[in-house]
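Since the structure comes first, as structure tokens, the remarks are kept for the end.
We just call them A, B, C, D, E, F, G, H and I in the order they show up, numbering each chain from 1.
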Amino acid sequence: MKKSVFGFAFLFFVAFLLLSAFGMRPFGEPSFSEMDDYYIENAQAETGANNVVTTIVFDYRGFDTLGEATVLFTAVVGIVALFREVAK
Amino acid sequence: MSSWLSFAHIVVLVVMLIAAFLAVVLKDLLPSVIALAAASLLLSLEFYLLHAPDVAIAEAGIGAALTMAIFIFAIRATKK
Amino acid sequence: MVSFIVTFLLSFVAYLFLTASQGEILGLWSNYEIIAALIISLIVAAMASRVLFQKKSYHLLNPLRWVIFLGYLVGPFFFAMAKANIDVAYRVITGKINPGIVKISPNLKNDAAITLLANSITLTPGTLSVDIDEKNNDLYIHWINVTNLKPTIEDICGSFPIWARRIAE
Amino acid sequence: MTVLLVILLSIGIFFNGLGSIGLMRFPDVYTRLHAATKCTTFGSIFTSLSVIVFGFYLWGASGDSKYGVLALHTIVALICIIITNPTGAHAIARAAHRSGVMPKQAVIDELKEANLK
Amino acid sequence: MIGNFPFVAVVILLGLGIYTLIFKKNLIKIAIGITLIENGTNLFLITLGYRKGAVAPIYTQAPEGVPMVLPTPQALTLTSIVIGVATTALILSIAMIIYKKYGTLNSDEVRRLRG
Amino acid sequence: MKEEMSRIVRTMTTLIYVFIMVYGFYVIAHGHLTPGGGFQGGSVVASAFALLVVTYGNQKTQDFLQKDLLSLLESTGLVIFICFAFFGLGATFFYNFLSNSGSLFGSSATIGVNPGNLNTGGTVTAMNIAVGIEVLAALGVIVLTMSQASETIEKKEK
Amino acid sequence: MSIGLLETGSGYWQAIIWVIITVIIGIGVLWLRNKGKEEYKKNTNQTKPFLSGNPELTKEDSHVGASHIYWGFTEALKHYYQPLVNIHTGNINDYSGWVVLVMAIIFIIVGVS
Amino acid sequence: MNQLLNIFLVPGVLLILFMLISLFRLIAGPTVPDRVVALDTINTLVVAGMILFGAAFEEVIYIDVAIVYALLSYIATLYIAKYIERRAKNR
Amino acid sequence: MSGILTHAPALVIALPLLAAFLVPIIGRFNRSKGLGWFVSIILGLSLLMTLLMANHILSNGPLIYVFGGSEPGLTLPSGYTVPIRIIFQIDGMGIFMGIITAVVSFLGAVYSISFMEQHSGLEKYYTLLLLLTTAMYGMEFTGDIFNFFVFLEIASIASVALIAFRSNLSGEPAEAGFKYMVVSSIAALMVLFAVGLFYGQYDVLNMATIASVMQFTQLDKIALILLVTVLAMKAGSVPMHMWTPDAYSEAPAPITMILVAASQASLYALFRVTFSLYNITLNTVVIGWIIIILGVLSMFIGVTMAIIQKDIKRLMAYHAISQTGYMLLGVGVGLAVLANPVALESFGIKAMEGGIFHIMNHAMYKGLLFLTAGALFYRTGTRDLNKMGGLAHNMSYTTVFFIIGAAAIAGIPPFNGFASKLIIYESVYQFNPLLSIIAMLVSILTLASFVKVFHSAFLGPKLEQYQKVEEVPKSMVVAMATLACIIVFFGLFPDVIVDNLVHPAVMALINQVNYTSAILGGM
């Protein structure tokens, strides 16, 4: 009973997402790209790094990267805390 | 050139989806993890074809070796 | 200490090989690249020297052996590998197999030598090293076309043990 | 030049394809390993060799260092394949034998008699 | 259909992951499902940044005069991949602890907390 | 119970271990020029640790790697990272104060396609290194901890 | 008294006045209490409950456990509580299932409207 | 020049098709080692394909990804192999 | 001083973060009680900084901080119309939530000094506590939607690790942690998917910029649904609430108090999405009613499930669900009438004030109640109400604090719960009388269930096993007393808070133009 309810819900969910996938803009043709064009044009002059992705990761969106490194740190602290008496 | 490339995209995605499907449906855990590794490998190839080498390296380093390693640790500890 | 220096040099060379492009030094490397190579090799040497030289044996460092190794690689090894592939192609197409696992005793003492031999065997005609006896370095080999139930070394791997001995022992 | 590249590539593709077909056709793990390891390694050597030849040729022709880098990095990748593949195959074969997967149609199995565990 | 196939693949991956979460009983299978959803989202982000006939946004020895794909999704995906591995590691660790304490990984039996 | 893998694998591992390390550090150091960076390089080096764990087993790995040292490195990497962010407080948090300044990592890059110069990038390069240290230590700690824990739990089951 | 005056949409609320009124009422109650009988003494027979001759329970026995409080309430609402408790299975699959279910319902509602 | 690059693209696509063939072993493989062999084959094919595509895109830096894969797929293989061995021993 | 104020948005995040990275190093050399004091001092500093920022924001308008720009206020690069860097945008609503986070986490750290004494791995505990606090600040202050995702993920991982922290003693904490991890992974991944949908259409990640170009296409609808559902789930609304009792009951008591604030940060994000991101472009009546229905369900099912619980913390967790319903109800009414200026003026704003004031009140009294539950657990070692009894004889402070908290949650005047509930009742009555009546009924049931707790835990004769129970240590009493004082103060002078903090918060939510123009310049 419950399983079939969830199954129908799941089917509806996937169907809606599929509809939206067909409604997506065509693959490979972004409609706006103002922010990214800024990065591509100015990253080299502003930071001096050739790799635009790294520039975004560590400079323009450096704060995200701090958060990301923190996520990893949190996970490690969590795992060590979980196993603090299992593994010496 | 571009028609060959879109064909490549579709084949890689199909192979990846099959591998992901296997990862879900296989009963035993180890084959399912192997299928997951294959899916992650092909995902990395797809990233490569989409011109994202940074992400491809990250997915390769993390998906291939480390995810595999931690899944195997977990399976090893929780085996009946 | 020797192990540290050797690891350092090894990683230094590997790093330079990876980063060769344009620059002041020999037209291939820039100055910063060399500095980075030094620092990184130091770190790697500190972290990996104990792993690389667990047995403290340094006879592999003889450059002559490396020259022989290169010669082996492009000469007999490549030839045998080509032969192996044609063999496998034949078997894939016809499906004729007669497999079995046999044992050989190449009497090699050295880890590097036995590794070289095993890998060569794996890549060459109709053979695949399955297991190794840790005590006396006997190799157990899966042979796709068993012609002789008690094979000699020459049957399986030709002149490879000699080469392996020459290179690594 | 183009002819050389086409020859190298077709040899490589032929052996790679043979490897995957052999993986399909052979009856047990060990023979499949034969096909998979040998053929794909050999095929990959040839496809990579074509890239290396291409890189060195263009390096010489245009003098642009990036083609040299292309060749060198391909050599590194090739060395990695050559040294990791047979070792991996050995590990799988050993694990398969120890986990009790016996070779089919085997004429002789000395390892089983030796019982190394 | 063909033009949008990557988006469809994303939805299928997402669907597979959610299916695993709802219908599979093994806790490690659930972790696999979460990994699949993660893969789907990562693929989605990268797909958004793709531009036909463009190359990666790296100036080092790139071909001349070719446009570049959008770099932001790659940066975001990089972040999300590392977050994903952290999540997976934590989830599996907790599963190991659960197995140690409960002796089972079946989600029908891992429910002392209810009601 | 024997922990190690066969002799052939062990011998190969020693070689590949060194090379993976070199390659990982190459990816970290060239993060601002080639694909890669702190995360990717860190995860590659951490994979090398995972390789050690699988070939030599837990006991022997502890001779080569100290978990305490790794967890110290992890915090250190993050502290360096956040300190570089703090140093930018003259303008804003995370301001790239090193780029185009002429100091370490501060030469300005050629605009357009170029072979790349290691000494560019400003704080991008520095943060790459800091994050690289953090990630390699963090993933290494994860691998070592989970491996030990899984072995302990497995033994307890017997 | 503008401090403490809270607009509440259709009226206002003044806590301090409420407190003052409470205190005044409390004083009034105390005053009423003081007007009670004065012969009440502690520790005499007056404090003992009259239990129709039954023996008095000890303090420990008279303590009602938490499970027994509102027993009648839950018993009366059995048909409401039974399915509700059954829904809370504590099974992780159901947790994710509910999320998807709610998402699907909202999808349908928003899609229809 | 551009024709020269196209030479590499077609073999790359063919390699991807071979992956599809190898995948059948992953689906069918009666034992776990069979699946591992399939994974190993797919790994090698992916590395070779990455090299070819890198040449086809005329991007030198893409080869780095192939090197990472060639190195790290080995680790995954070793993990599975060791686990199979250990599981057999404990049984 | 002004320098500190300029950089305060960055420092309030970076300081606890730096401390969190240093704690493992310090803890390696110093394993004494000093760690707790260190963490408390750091959190106290960030509390001070938050109050400073609040003072500034309430008088001078929103605070903007651009990370990595050459100036903190320079949001747009010259010649471009979109921001390219991560921007912190702290307006009235953000700082309102920030104050809650600061107070709760500071008191949690103070309480932990004694409460966690006997546990091993304390440096990890304090690290995680600091990280959780940081993540909550980040969720509340950020103006960048991907940055929000990152902080959401930090918050969930840190909470999971803290929930499962006591898994060395028994298996249940690990089980609760697993459930919460799965649920919050789904939430985070769906948020990431929604981020991708926004990015794919508009190529921006800044929330204000997205809001200014929002067209409410089909894809925006899907993003809205994903965001609303998963954020409501993280806030713990019925029927996606089932992780809440598990997680709240198994976490250590101070963590439970902070978890309440963390789930309210998700609630904040829900309001932020519906009001600031979409505002009237969405179909306000439908979405408003969806939120109202979720709220009413949460209120009613939460409280009825609470009545039958035997575990004291589980009971309180169900009450947390039910109180979340009030907030959803109040703000949902505001959302439903958002497109109707007359109704918005006459009761919509009041309803939202009620809902948002209730967030703060709930954080305070539910925090106090969880702390008293923790105090009981600290002395008796059990959470089962059947095994407790007669504790009022020995733990008089705790009893008083519990009475204050219970009266506040049940809406008894003159405590703060009454003030916010009264606003909700009266304004919702004008919207729909039935909802108001349900809300009052729920309040009565809340009182009933707390009478049960009070009776079975505190009243009655001294039990045999609890003869030697003493009052809890000083630092725990201090934390509880502070919360009790805040509750009484809010109850006596609710207008001070409503006029100075809540009203600006509500106006910041309703007025979308202010939100976007702070980033994009004048409209």
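For the reader, a short list of remarks on this structure follows.
Throughout what follows, contacts are C-beta pairs under 8 Å (C-beta built on N, C-alpha and C of every residue); 3 or more make two chains touch, one makes a residue touch a chain.
Note that this is a predicted model, so its numbers are computed, not measured.
The minimum number of touch steps separating subunit A from subunit I is 1. A comparison of the B-F and D-F interfaces places the larger number of contacting C-beta pairs at B-F. Each chain gets one centre point, the mean of its Cα atoms, and the points for subunit F and subunit H are 25 Å apart. One finds 57 Å separating the Cα centroids of subunit F and subunit G. Work out the mean CA point of subunit D and of subunit G, and you get 75 Å between them. In subunit G, the positions touching at least two other chains are 85, 88, 90, 92, 94, 96-97, 100-101, 103, 107, 111.
Among the residues of subunit I, those touching two or more other chains are numbered 17, 21, 24, 67-68, 146, 150, 153, 157, 160-161, 164, 167, 174, 178-179, 182, 186, 200, 203, 205, 222, 246, 308.
Residues of subunit H in contact with two or more other chains: 19, 32, 36, 38, 57, 59-62, 64-65, 67-68, 71-75, 78-82, 84, 87, 89. Across the complex, subunit I is touched by residues 16-17, 19-20, 23-25, 30-36, 38-39, 42, 59-64, 66-68, 70-71, 73-75, 77-82, 84-85 of subunit A.
Of all residues in subunit F, those touching subunit E in their complex are 33-35, 37, 39, 43, 109, 112-116, 135, 139, 142, 146, 149-150, 153, 156. For subunit A in complex with subunit G, the touching residues are 2, 5-6, 8-10, 12-13, 16. Against subunit E, the residues of subunit I that register as touching in their complex are 146, 150, 153, 157, 160-161, 164, 167, 170-172, 174-179, 181-182, 185-186, 188-189, 192-193, 195-196, 199-200, 203, 205, 245-246, 249-250, 308-309. Against subunit F, in their complex, subunit I makes its touches with residues 7, 10-11, 14, 17-18, 21-22, 24-25, 28, 65-72.
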